[in-house]
Amino acid sequence: MAALVASTAASSVTTIIDGRLMIAIFICGAFVFGVSGGLAGVMKKLDFFGVIVLAGVVGLAGGAVRDSFLGIPAVAIFDWRVIVAVGAAGLVSFVAHEPLLRLHYPIQVLDAIGLSLFSVIGADISLRHHSGLLAAALLGMATGVSGGVIRDLLLTEVPQVLRGGLYAIPSLLASGLVVVGFALKTLSLAWYSVAVATCLVVRLVGIFLDLNLPQARDED
Amino acid sequence: MAALVASTAASSVTTIIDGRLMIAIFICGAFVFGVSGGLAGVMKKLDFFGVIVLAGVVGLAGGAVRDSFLGIPAVAIFDWRVIVAVGAAGLVSFVAHEPLLRLHYPIQVLDAIGLSLFSVIGADISLRHHSGLLAAALLGMATGVSGGVIRDLLLTEVPQVLRGGLYAIPSLLASGLVVVGFALKTLSLAWYSVAVATCLVVRLVGIFLDLNLPQARDED
Amino acid sequence: MAALVASTAASSVTTIIDGRLMIAIFICGAFVFGVSGGLAGVMKKLDFFGVIVLAGVVGLAGGAVRDSFLGIPAVAIFDWRVIVAVGAAGLVSFVAHEPLLRLHYPIQVLDAIGLSLFSVIGADISLRHHSGLLAAALLGMATGVSGGVIRDLLLTEVPQVLRGGLYAIPSLLASGLVVVGFALKTLSLAWYSVAVATCLVVRLVGIFLDLNLPQARDED
């Protein structure tokens, strides 16, 4: 939290989420994404350590990618609770993989919650660090989707987010709403909640209706 | 451009390219590389979003890798025009992939232009940030080739630049020439132009003659 | 060394390794890891440039990943000797790959030495930059294992460290020991040596006894 508070203090931008709420959201999102990474590792028959690492990478990658673009230290290295959260996610994935893997939809719903939270936080942190508006929307999306991209790369698969499903679009909607609210100076806790809810609903509709974006070469 | 101008102001190094020219070159290079990434995505049957993202990643990755090594914010997050350029590149790739994919050589020529521009800019920006001379030459090359490397990784292929063709060598020639000019204090617009032209010519000769570096185990 | 010395000067943390010793250790570790990367490239039939690049990436990646998390410039870009070391490693791999590839165990021993040195240095540098204690232990491990991870990714293989063998655990032991010594204020050259030796011994025992961590789905 030190880094978040420090970055807030250092910033002339006033955003509505205070450091305490943000870190709580961050920890929840990291845990949920961590479980998704850990389970992917279990399915690929990684060893105990591999499962823990994959949980950690997926839970932390979104923030790490964003912070690397922003040229600031990764938030997680200053907050042990985030690290503990992804470690616990890995442990849970390893120990309880059998019941968890039977719960297909519940896990996708948890992942959708993580996506919503990370997209909003990512845009918020980028704005605090004076990125451009367009960049903030994109970095919010990058915060949301990078964990999954790096999970797939480590398992040598073409990232799911590039291949199909409505995953990045709801993320971009959420981060875009934060940017619009910032530009209009109408950011409030309600505004953030609408952004989170929008992402969540669009993502869930995409999952249950199995919606996909068009491909350029569908006709082939 | 804010970041470029700021970084120039913060630097005691005087280089010849002013921020305005540099950003124009950067936008052109990002667009060209973006098209190369977008078309690779189309060929891999990614969906609309995947094509746009691949264009964005390939157009922005070179600069992002360099800036991460330099420990500075990625230039693109402060300049919306660069982001628009790679977005447009993705859109063009998606919409006009049929005629574009028929143009094999023209696209390779455009890619060679992007390589030349990025290699020179990469070395220049590294020198402004007081990297060592050797590091500046290498970071120039990294700026030029990283887009293609990350494109291939996202599509789970061993990066083309590692496997064959004269791709990194011309890039290194260009960035090396910038470093030599800097060390000799003879940098000028003409000097930069020679560096760009050297990279371009060597790359094009490599393409048309299908030149390759030796492999260690050719004899097997 | 400039960066290391500067970072030491800028820090209120007193650690025992001075910049001169650290850079010597860093150069040795980078060379050893570089050879491991170069030989992997030779076996994958990369061309001359690919072998050199793979040596460079594997030798430099650990530090680059750590420094990106810390939000500081990559140490190597300020020290040409590190770059020369990995370049030489690539050259040696390319030229002398036949005798080297016959030496299976000696190379694994060299790699274990690199792992031990990088893990200790990684934790030390993280502490100097005021990362949390837990984060320092993890960044030490990340410094040790990232070179191999990126080598495997570039060759499109699931990283070995995730699949089996005792590789990350000894690394984490070494970085953890540095953190404990730091917290207890008992860091000394002897303490560092114990950390290096612990990693080395556990890694070597793991190699020769072919030890593995359990998998979640061994029973399947």
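Chains: A, B and C, in written order; residue numbering restarts at 1 for each.
Going forward, a residue touches a chain if its C-beta (ideal position, glycine included) is under 8 Å from a C-beta of that chain, and two chains touch if they have at least 3 such contacts.
Source: prediction; values computed, not measured.
Taken over every residue number at the interface, the positions common to subunit B and subunit C amount to under half, indicating a different-residue contact.
Taking CA atoms, the transformation carrying subunit A onto subunit B includes a rotation by 120°, reported to the nearest 5. Centre-to-centre, using mean CA coordinates, subunit B is 29 Å away from subunit C. Shared interface positions of subunit A, i.e. residues touching 2 or more other chains, are given as 68, 71-72, 153, 156.
On the subunit B side of its complex with subunit C, the touching residues are 68-72, 126, 129-135, 138-139, 149, 153, 156-159, 161-164, 168-169, 212-217. Those residues of subunit B that touch subunit A in the complex are listed here as 41-51, 53-54, 56, 64, 67-68, 71-74, 76-80, 83-84, 93-94, 97, 153-156.
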